[in-house]
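Below you'll find a set of structures to go through.
Each of the two complexes below includes subunit A, the first together with subunit B, the second together with subunit C.
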Partner chain A sequence: MSRERALAVARVAVLGVAIVVALFPFWWMLVTSLKQPVDIFRGVSLVPQHPTGDNYSRLFGDYHMGSFLVNSLIVVTVSVAVSLVLGTLAAYALARFRLRFGLNQSALVAALLVRTLPPILLVIPLYLTLTKYGLLNTRLGLIVIYGGLNTSFVIWMMQSFLEEIPKDIEEAAMVDGDSRLRALFRVVLPLAAPGIAATAIFSVITTYNDFLLALTLTSTPAAQTVPVGVSTLIGKIQIEWGPMAAAGVVGALPIMIFAIIVQRHFVRGLTFGAVK
Partner chain B sequence: MGTSSVAVPARGRRGSELWARLLASPWLLLAPAAIALAAVAAYPLIYGVRASFHAYRYGRDVGSAGLENYRAIFEDHTFWTALGTTAKYVALAVSIETLLGLGLALLVASQLRFSRFIRVSLVLPMTVAPVVVGVIWRLMYASDIGVVNPLFSALGLGKPNVLANPGSAFLGVVAVDVWEWTPLLFLIILAGLQSLPQEPIEAARVDGAGPVRVFFDHTLPLLRPVLMVAVVLRLIDAVGTFDQIFVLTKGGPGTATQLISTYSYNTAFQFTQYGRGMAMVVSLLVLVLLLTIVAIKLMRNAAARTSS
Partner chain C sequence: MDVRYERASKSFGSTQALAPLDLTVPDGKFLAMLGPSGCGKTTALRLLAGLEQPTSGRIYIGDRDVTRLEPRHRDVAMVFQSYALYPHKSVAENIAYPLRLRRSAAAERDERVRRVAELLGIGGLLGRMPRELSGGQRQRVALARAIVRRPHAFLMDEPLSNLDAQLRLQMRVEIKRLQRELGVTTLYVTHDQIEAMTMADLIAVMRDGALQQLATPAELYERPANLFVARFCGSPPMNVLDGAVEDGSFRHPTGSIPLPGAEIRGPVKLGFRPEHAEVTDHGAPDSLAGEIYVVEPLGNETLVTVRLEDELLNIRAHAGFDRPVGERCAVRPAEGRVHLFDKDSGEALAKPGERGASSAGHAATAGI
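Up next is the complex of A and B:
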C-alpha cells in the first residue's frame, strides 16, 4: 500500500515539475513585458515591482505592431478562406468518387508530401518567382503562397472528416432532386461543420505562425506579419527587452486562445488524421 | 458519375443540365486545388532544383553552371560542419523528446481526472510561433536579465551564459527544441495509449506480470505504429528547423549552432548565391530521402522478423 502511495506522490511531483517547466517561461515573458527598464535589470523578481504598460504603448507606437497585426489578420483570413474552399472541394471528390488509376491514394500522398516539405526548400524559388511578378513585399504574394500551401493540409483533414459522413444522406437529397453540388452545400457541409472549424483553426495557427517565408518575401511594415515584426525587434544593436517581451506576448496570445478552443482535435490535426 | 444526374428531373434546357453534370464531375472539383498545389509547390520545387545547376552573379541568373554549385559545397568546410550539426541536433532533440513524451504520456494516461488541465498546459509551448519561442528563451537565457544564470548560480553551478559559449549554445538550442516539441510526442502517444485494446494488457496483469514486463511485452509493441507516426513527423520537421535558431543565435557563436537551414538561408539571401543555397537544400533533401528509404526497409525487416 505504501509503495503505491509513494508512486502516486512521485507521479504528482513529476507532473508538477513538467507543468512548471512548460508554463514558467511564458510567465517570465509576461512579467518582463510589464516591468519598467530599471526593474528588468534589477535581478530576478517573479512579479513586476512597478507594473507599467509602457512597453506595449512603445511596441505599437515606435515598432509598428499595429501594422503587423493588420497584415497578419488580412493574410491569414484570406489565405485560409481560399484554401478551405479549394481543399474541401478536392477532399469531397477524393472521399466520394473512385478515380481512375488509383488516383485517390496518390493525390492524398501528394498532398501529404507538400505539407511536409520544409519551407527552406521552397523559399529560394518562391522568392525569385515573386520578384519576377512584382509580388515581393505584398500581402497578395503571401496570400497566394499560404493559400496554395495550406490547401494540402485542408485536403488531408477534410477527406478524413468527409469520409465519416454516411453516403446515404446526400444520396437521399439527390433522389429528392438536388444536384450533387447542391447536396454538398445543403446537406454534407453542415454535417461536416465541426471538422471544417477544426481544420480552419489549425490552418490559422500554422499560417499565422509561419516565419521563414514571410521573413524572406516581405521587407517593410507594409506587408510584414507578426512573427517577422517580432524578429525585427531583436535585430537592433541594443536589445530592447521590454518591447521585445511585449511583442512576444502579443504574438502568442491570439494563437494560444485558438489552440485551447481546438485542443480536442489536436492529435488529429497534427497527424493528418492518422491518429484520432 | 452519370447515374446521379439521371435522378434529377429534367430541369430547364440541355445546356444547364450539362453544366450541372460538369460541376459534379470529380475532376472539376479537384482541378482548382491541383492547380494551386502545382503553382506553389511543384513549380518552385522544379525551379529550385534547376537553380541549383545555375550560376548566380549579384543575384542574377547567368546561365547553366553544371555541377559547379555541388562541387563548391562539397569542398566547403562550413557546409559539412552545418550538416553534422544538423544531424546531431535532430538526433539529440528527437530522441529526448520521444523519451520524455512517452514517459509523460504513461504518467497521465491512467489519471484522467487531471488530464484536461494538464493536457492544455503541457501543450502550450508547441502552439505559439517558433519565433515567439525564440523570444521567450532569449529572455530566459539572457546573461543580464534572464533566469537561467541566476538559477544555475543559486545551485552553485556558476554562470553558464548559455548562448555565449559554443558548447552550451548548442545544448541551449536543443533544450529549446525539447521544450517546444515534447508536447507533440506527448499528445500523439497519449492518444495512442488511450486507444489501445485493454484486454491483453489486463490479462497480462492478472497473470502477475509486473508493470515493466507489461510495458515492454504488450504496451510498447501495440503502441509502435502510433509511435512511428509521431517520430517520423517530428524528424521531418526537425530537419528544417530555422526560426528559433535565427532568433536565438543566428547560427553562432562561430558555427556552433549553424544548421543547413540557416547556412543555406545566409548563402542565398546575404550573399545572393541562390544556386549554391539551393544546392545545399537539395543535397539535404536527397540525404533525408535516402535515410527514410533505409529506415523503412529496416522497419519492414524488423516487422517481418517479429511477426514470423
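Up next is the complex of A and C:
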C-alpha cells in the first residue's frame, strides 16, 4: 500500500470515528424513543428489541408536545423575523453613516451590553415587567423579550457583514434610480444573504434552545416552549424516559430542517466578484 | 444639458475636500477633472451625482436646481472606478436596471439593452454573470448601463484606471467616440493627464480642493496658469529653473537666455517643455551649459536628461541622437516657448513678448 493511500485511509478512519462519536447520542435517543418501557431498563442495546410508537403517541396525547412545538415555532419565527428586520436596518445605518459625537461606537457598545448581561440577571425584572403588562405566560411576552435580545445580536453580525459590501454598488443603484431603501432591498441585501442566513441560524438556535427565560416567564402549555415542556416530563416520582427521548427527536427536527434549507447560503461567496 | 457648480463646497468635519467651486460644463461638452489623488475631483463629481450634499453653494443641471435632490431624481448616469456592477444580476439585467426602474415597456427595454450591447461589442455576453467577465468586459457593461437611457449627464470616476495599458488606450478612444456620438454632457474624473488631454473638450485642473485652471487642452498646454498646472500636464513634465530676469534676459548660473520683450525684472522661475528645447554644443550662444546625464532611446524619439550644475532637465530629441553620456553640452530652449512664473506664488507671468494673456497678436510675432 502506498503512503498516499495509507494517508487517505487514515483520514477516512479518523473522520469515521468522529462521526460515530458525534452521532451516537442522537442514535441512542432515537433507539430509546422506539423502545418499550421495560426494554429501556433492560440494559445496553443499540437497536430496539420490540419497536413501538407508543412513546410518540403518549408524548403528543398526554404531554401536550403539539402545543409546545407550536409555541416554539411561533415564538422563534416571529421574534427572529422581527429582530432581523429591525437589526438589519439599524446595522445598515451604523455601517453607512457616520453619526455625530461618535454615536456609532456608543450604539454598538449599548447593543453589546444587552447581550453580555447574564440572563439570570434579567429574569426577575423581565418577570415583573411582563406581569405588569399582563404578558406573563403568553407567546407575545416571549416574542417581545427574545426579539429585543436577538436584535442586539443581529446588529452586531449584520453591521460587519454590511461593511464588507462595497458602497459603490448601492450608490450605482441610487444613481440608476433607486431610493436608498430600495437599493438596500434590491441590491445590498441579496449580496448580504449569506450573512443574513448565518445570523438567522444562530438567532433561531439560541432562541429555540433558551430554557431559563421561558421557564420563568411561562407556566402552562398555552405558552411553554419545547425545552420547558420537555422538562415537565421529569416528574416528582418518575422520569418518563421513553416520551422524553421521543421529545428529543421531535424537538431536534425543526432545527435540522431549517439548517438544511439555509445551508447553501453559507457556501456562496459574500460578494462574488462585484469589483475587480 | 449644461451642468453648473455655483460656489459649491464640501467639508468633511474640519477638513475641506472642495473649496467653493464655480464651474460650468456647456451642453454636450466633455470636461475632464484632472488632479492628483485627494484634490477634490471625485468629491465634485459625487456632489453632482447627489451622493454627497454640498456644505455650501448650489448645483444646477440645465435650469434645474438639483442641490437638494436625491440621486435618483437627477437623471445622471455614473460609471464607477470599480464598475459597481450588480454581482447577483446577469449582464442583461445589469444593463436593464436603470430602465426597469423607469417602468419602460418590457419589449422596448429588451430592444434597447440589445442595441446598446451591440454598440459596445458585448452582445454575446448578455446571459453571463459579472464574475464571469474580464476587467475590460465589465468596463463595457458599466458603460452600457450608463448609456442605455439618455441621461442629462454622464459622470465617470476614473473608469479606465483598473484596465491594463493596451485596453485603456482602446477604451479611451471608444469612450470619446461614444460621447461625441451621443452628445451628452460628460464629467470625467482622472489623475492621468494624457487621458484628460486626449479625450476632453475642457480640462479643469484641481489641487487641494481648489480649481487651478479651466481651459481647453491646447490652452492648458500653451498657457498653464501656474507652476502646478505646468508641471502636472505634460510628460515628461516641464523643466523649471530658478533664476532672475535682468536686461531682457533670464540669468542662470549656467548661462543666460534672451527674453525679447520681457518687461519684468527680478527673481523668477523659468519653465520650458522637454519638446521645446534642443541639446547643442557646449558654449553655444543663448544656452545653458551642462552635460549629458542619461540617454533613453524610445524608437521614435530619444529622451535625454541633461545635468546642469545640480538640476536635471528633460529634453526630447530626435531618434538618432548620439551624444555619449558625460559629454559636455548645452541646452537651448526654443524662442518664444518659455514660460515665466512668479518665484513665490508660482502664478504665470505674462509670456515674454506678450503684454497680457489676451494679446494674441503679440504672441504670434513672438513665435507661438
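Assume the second predicted complex is superposed on the first by the 230 of 276 C-alpha atoms of A that agree within 3 Å, B and C clash if a C-alpha of one lies under 4 Å from a C-alpha of the other, contacts with A are read in each partner's own complex, and residues count from 1 in each chain.
One rule holds for everything that comes next: a residue touches a chain if its C-beta (ideal position, glycine included) is under 8 Å from a C-beta of that chain, and two chains touch if they have at least 3 such contacts.
Quantities reported herein were computed from a predicted structural model and do not represent experimental measurements.
In the superposition on chain A, contact is made by A:L191 with subunit C only, not with subunit B.
When the two complexes are superposed, the chain touching more residues of subunit A, out of subunit B and subunit C, is B.
In the superposition on chain A, A:L128 contacts subunit B only, with no contact to subunit C.
In the superposition on chain A, A:W156 makes contact with neither subunit B nor subunit C. After overlaying the two complexes on the shared chain, residue contacts for A:S179 are found with subunit B and with subunit C alike.
In the superposition on chain A, A:T116 makes contact with subunit B only, while subunit C stays out of contact range. By the touch criterion stated above, A:M29 is placed in contact with subunit B alone, subunit C being left untouched. In the overlay built on the shared chain, the residue A:Y208 is in contact with subunit B alone; subunit C does not reach it.
Residues 174-175, 177-180, 271, 274-276 of subunit A touch subunit B in one complex and subunit C in the other.
Of all residues in subunit A, only 11, 14-15, 18-19, 21-23, 25-26, 28-29, 32, 40-41, 43-44, 83, 85-87, 89-90, 92-94, 96-97, 99, 107, 110-111, 114, 116-129, 144-145, 147-149, 151-152, 155, 174-175, 177-181, 205, 208-209, 211-212, 215-216, 226-228, 230-231, 234, 239, 241, 244-245, 247-248, 251-252, 255-256, 258-260, 263, 266-267, 270-271, 274-276 touch subunit B in the complex they form. On the subunit A side of its complex with subunit C, the touching residues are 166, 168-169, 171-180, 187, 190-191, 271-276.
Contact residues of subunit C toward subunit A in the complex are 49-51, 70-72, 74, 76-78, 80-88, 97-98, 101-102, 129-132, 135, 138, 145, 155, 162. Interface residues of subunit B facing subunit A in the complex, by the touch rule stated above, are 1, 4-5, 7-9, 20, 23-24, 26-27, 29-30, 32-34, 36-37, 39-41, 43-45, 47-48, 51, 103-104, 107-108, 111, 114, 118-125, 127-132, 134-140, 142, 144-145, 147, 150, 179, 183-184, 187-188, 190-192, 195, 226, 229-230, 233, 236-237, 239-240, 242-243, 246-247, 260-261, 264-265, 268-269, 274, 277-278, 281-282, 285.
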